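Right after this note come the structures.
In what follows, chain A forms one complex with chain B and a second complex with chain C.
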Partner chain A sequence: MDFTLNDEQRMFAETAQTLFADTCTPDHWRKQMETGEARDDARWQAIVETGFTLLLLPEAVGGLGLTELDFALIAEQAGYVALPEPLVESAGVAAPMLASLAPDHEALSDPSATIAIQHPSNPFVLDADLAAAILLHKDGEAYLATPDQVTLTREQSIDPFRRLFRVDWDPAKATALGKVDWDLALDRAALFCAAQGLGLAQRAVDMAVSYAQERQQFGKAIGTYQAVKHHLASAQVAIEFARPVVVAAAADIGNCDVQARARVSHAKLVALEAAEKAARASIQVHGAMGYSWEVDVHLFLKRALALTQNWGTPNFHRSRIATRMFTQPTGPDQTFARETENA
Partner chain B sequence: MKILVPVKRVIDYNVKPRVKADGTGVDLANVKMSMNPFDEIAVEEAIRLKEKGVATEIVAVSVGPAKAQETLRTALAMGADRAILVQTDDEVEPLAVAKILKAIADEETPGLVILGKQAIDDDSNQTGQMLAALTGRPQGTFASEVTVDGDSVTVKREVDGGLETVKLTMPAIVTTDLRLNEPRYASLPNIMKAKSKPLANKTPADYGVDIAPRLKTLKVSEPPVRQAGVKVPDVDTLVAKIKELGIA
Partner chain C sequence: MDLTYTPEQQAFRAEVRAWLDVHVPSEPLEHFDATREGFEAHREWEKTLKSGDWGMVTWPKEYGGRGVDLIQWLIFEEEYYRAGAPGRVNQNGIFLLGPTLMEFGTHEQKVRFLPKMASGEEIWAQAWSEPMAGSDLAGVRSTAVLDGDEYVLNGHKIWSSRAVFADWAFGLFRAPGSERHQGMSLIFFPLDAPGVTVNAIKKINGHVGFAEIFLEDVRVPAFNRLGDEGQGWHICMATAGFERGLMLRSPARYQVAASKLADLWEQHKDAADPALEAEVVRAFMNAEAYALNIYQTASRLMAGAKIGPEASTNKIFWSELDIHLMETALAILGPKAELTQEAPDAYPYDWIDDYIFALAGPIYAGSNEIQRNIIAERMLGLPRK
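Here is the complex of A and B:
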């Protein structure tokens, strides 16, 4: 499996990195937390103009027809800035699903519109109040409703930027869209959670490294002490080990089989474990102030914890890996083999 | 009208440069490189002129190593129509760059050449002015506003005392200051289109330019570490300290 990104993909990632670095700074986070605003309109506008919301939509509905790997690169950068807007859930999961069910739906014709999704694996729906449409689940069937056709109750999240809602709704008032592959939505979401995990982890390490180079103790920067260096090196190693797993899962997701699903689950587990490990290490390196609201590391730990429990718990994902291990041949020669090859 | 926009691949503005241990230059190993920010402003201005219908074609040019292709691809993704890479692994001084640009300008006959006022790696601030001298074209440097009207271009310049407005007959040379515009992000569809836009590979020899350095770098060193401040108990002591330091 070739994990090398092409020039185009590197430019996608660089564009996302630059855009988010300019528009999602610590000042932006604090302002948004103080005002309680759901979105930064200027940032969302820039995201829309850059085409990120169209990335996974088919060309037939005005999208770019790109792949999950391309979107994962954007999701990683979104993780690096703990992006408050629901770009990943809307453009990465809900919009492609709606496009497969109702390609002519008006919510797809406006690139700035967001689509929320209620999935059986999640108790609550992200940003449901501001969505142009909400995809709903009942007995394996998909339904579509607008926020005014459902009852929304705000629920608290550990992450100050995740706006969660319990959605109570009546199928008679929603539009039935028919059967849909909810597992594909889960796989995409879990994959993009993993990609965000890489970004969260890297930001936590970068913040810690920057602080460790600056903070002096006993006349030297604390980063020169082995106890600090080892913590951060372990966190970086976890990131480097998780990255190829995420890329492999992104490259393989389209196969929609036991192997591909195990890869996605593996990616979600290791990337979010890396994110939590890096955030906890970063808090340790920042010392007592690492626990304070003034240091932004808490945002990354909270996002990592929130994503870990969303789109399948760790136990659920471990069970999918177990299914792969116990039903398919294992061993070094089977790492990249498909089950069809062993049928 | 055609617009020529030279762009330079430099160390990214977010990266803190580190001097090599032997003091011979800045360490560029594994350092993120990107388009010189002033050149990004130049590309953006050219695109805006094209969007207004003033320009018909934007040609991006870079002089540097093969990796400078990435910088040119960024310019193409922003909206330039085609690109020319004058490839060399040697360090090229502003005069040699200006000579290469003159040769390209002679070939391409652009109505405007829009350059960044300086590159953030060497801060020379010379190429635009040298190009104007070599080509004998009028120059409007440090532009914070550019308005094309028929055969002339009006440039509002940022000078020490405030703003100066000059009117130049085209063809002309303009160098951009920070406040001229805010460059756009390359959109994903444009990044995809950029791959199919033409990029010509040339060498300095193709333009008959000798790029041998005229300057010798003796030593590169970090700026001195800022000294800690002194706390004074009252204004009188502050005044005495200032006098003692010879500041006032």
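Here is the complex of A and C:
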């Protein structure tokens, strides 16, 4: 039993943190919003060069063969900067799924290519227009198409960086890939949503702390007032009790049993609750500034709201936890128990 | 990262389970705060525990423990709560003072106090708060004056849990004329020493588990001072770290309660508000999250880290999850929720007592308002003033 990250994992997280801190600043967000460009090419190139897009792919297809825990640490950092590019959906969910179905597919050979995924739990597909390939679902089977083989209709998200598309397509014009584990894709996506939620939450708190240290009212920094302190302390408590759940879910996800799935669901619920709580506290602490477009806190709220409802609604995830509770033993000796031990 | 137990850890669990299976009383003991008889029954249980060498498993063998690590301690606690074993009447000793003594005490002090703490021969109360020093603990006015090789203690302590029945107290005293965080010392005194008067204070649940303590020229050997003179505040904060961060409330306590709540829900769900299922799930999630957080903390401490201000997040989390869990139970029970343990129809649905007890959680061990200040100032870096 060891609940600590190893040096390599810590190093990966630090690398991601530095890369995103340099390439995804508020100036970058604003420029991207003004120009309406889907991607910051320099940033995406830096991400690709660092190997993040290959992290979860098996070594046999040129990947790094690392684990969901390693990727979750990067997803957390992506959340901290509300990363506009679909790194998590493509490299964390779609690419490993494609690699399991068609390891020789050419879209996997280009580490800068992105793969989009249409999943039964989501109505829309993120960044479908720029993807080298789109994974599609019909009757439990997976299909693959390129953007020009389908009809894409843009849907506007409240999150300025979430580029959503409705995909209309004809199975006759797509490549059939056969049966696939859509639940595994959902588990990975939900886990990485949770990891992003931790980053979103911490950034919202950190922004509010900086503001409350500077902003003066009644002759003092507003951060001296307990009413302000307590908002942010409560948000930090939510983060502190979401993080170990996310880490444990990441470490256990490969078990694919009732317990592992419940823990992923738990992680997604509480990490995104923490993100929403932190973002709302941050807006409140910023006062009218927090309600203004230029202060950027809204980006974290909007991302949190979107991720909360995608890749399984809160109700879906709660029901998976209820299934674990009412079909498997519970209690203090069951924290790390597996379904096979109780079969 | 490895979330599986080693064969040694599994064997340890089996050993704990087997011993508890044989020794845990089949009938629950009367609460240790309710009567002297209840208190003494719990002291007997502590002696039984010690007979199996389970008094305080993390302490070194020479001080009455087994020298096991924090993961094994968590396993012990899990089995302890799973078995429904009696509450630890000496919790202020073994969980608060004990770790502090281990860090700040001399070898002679450890030899003198720890084994009798582990065996329940000496049961401890905490004597920190005063009428004018609650959340503002640095406002303590009780004094300690060195006279030869003895301290003379004077003052008025209050809200001391179990001091009515306990044998010893660890108190916070200051050098006359000193102010605030300076000049305080942590000093032990017997609760039956000449000059000590202990008055019971009834709690909202009717128990007499609180006391106020008056000290008039109480003389104790200077040996009873923990750490250096004037180091009292620093030592108290270390104690508070253990209290809030790791040891006072085992996750297992809430995991057992969450399982019972799930059973309660299954029995009553046909008649109860269906929306309550989400709260039952929430209670399970909270207990799991707390357990995972504590495993993470234990792993970090074993890797050499120290408990820091994040201990305050624990105290808020467990106290609030406890109330949420108990109020969910009351909502499921509906009009029967008000029945107390004494009511013939109550058992096993005597959740109201646990609910009332849970309400103390956000107050003791430093109010949750103070904990939020600590988080804001020491974790987040917001200005004090």
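Note that the second predicted complex is superposed on the first by the 342 of 343 C-alpha atoms of A that agree within 3 Å, B and C clash if a C-alpha of one lies under 4 Å from a C-alpha of the other, contacts with A are read in each partner's own complex, and residues count from 1 in each chain.
Keep this in mind: contacts are C-beta pairs under 8 Å (C-beta built on N, C-alpha and C of every residue); 3 or more make two chains touch, one makes a residue touch a chain.
Being a predicted model, the structure only gives us computed values, none of them experimental.
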Touched partner set for A:S292, first chain B, second chain C, both or neither: neither
Partner chain in contact with A:Q217 - chain B first, chain C second, else both or neither: neither
First (chain B), second (chain C), both or neither touched by A:E8: first
Dominant contact partner of chain A by residue count, chain C or chain B: C
Partner chain in contact with A:T18 - chain B first, chain C second, else both or neither: first
Touching partner for A:G51 - first (chain B), second (chain C), both, neither: first
On chain A, the residue positions that both chain B and chain C contact, one per complex: none
Interface residues, chain C side, partner chain A - complex: 1-6, 9, 13, 71, 77-79, 81-82, 251-252, 255-256, 258-259, 262, 266, 277-278, 280-281, 284-286, 288-293, 295-296, 298-300, 303, 310, 313, 316-317, 369, 371-373, 375-377, 379-385
Interfacial residue positions of chain B with respect to chain A in the complex: 14, 34, 70, 73-74, 77, 184-189, 191-192, 194-195
Complex interface listing, chain A residues touching chain B: 7-8, 11-12, 14-15, 18-19, 21, 46, 49-52, 54-55, 64, 66
List of chain A residues in touch with chain C within their complex: 1-6, 9, 69, 205, 209, 212-213, 220-221, 223-224, 226, 228-230, 232-234, 236-237, 240-245, 247-248, 251-252, 263, 266, 269-270, 318, 321-322, 325-326, 330-336
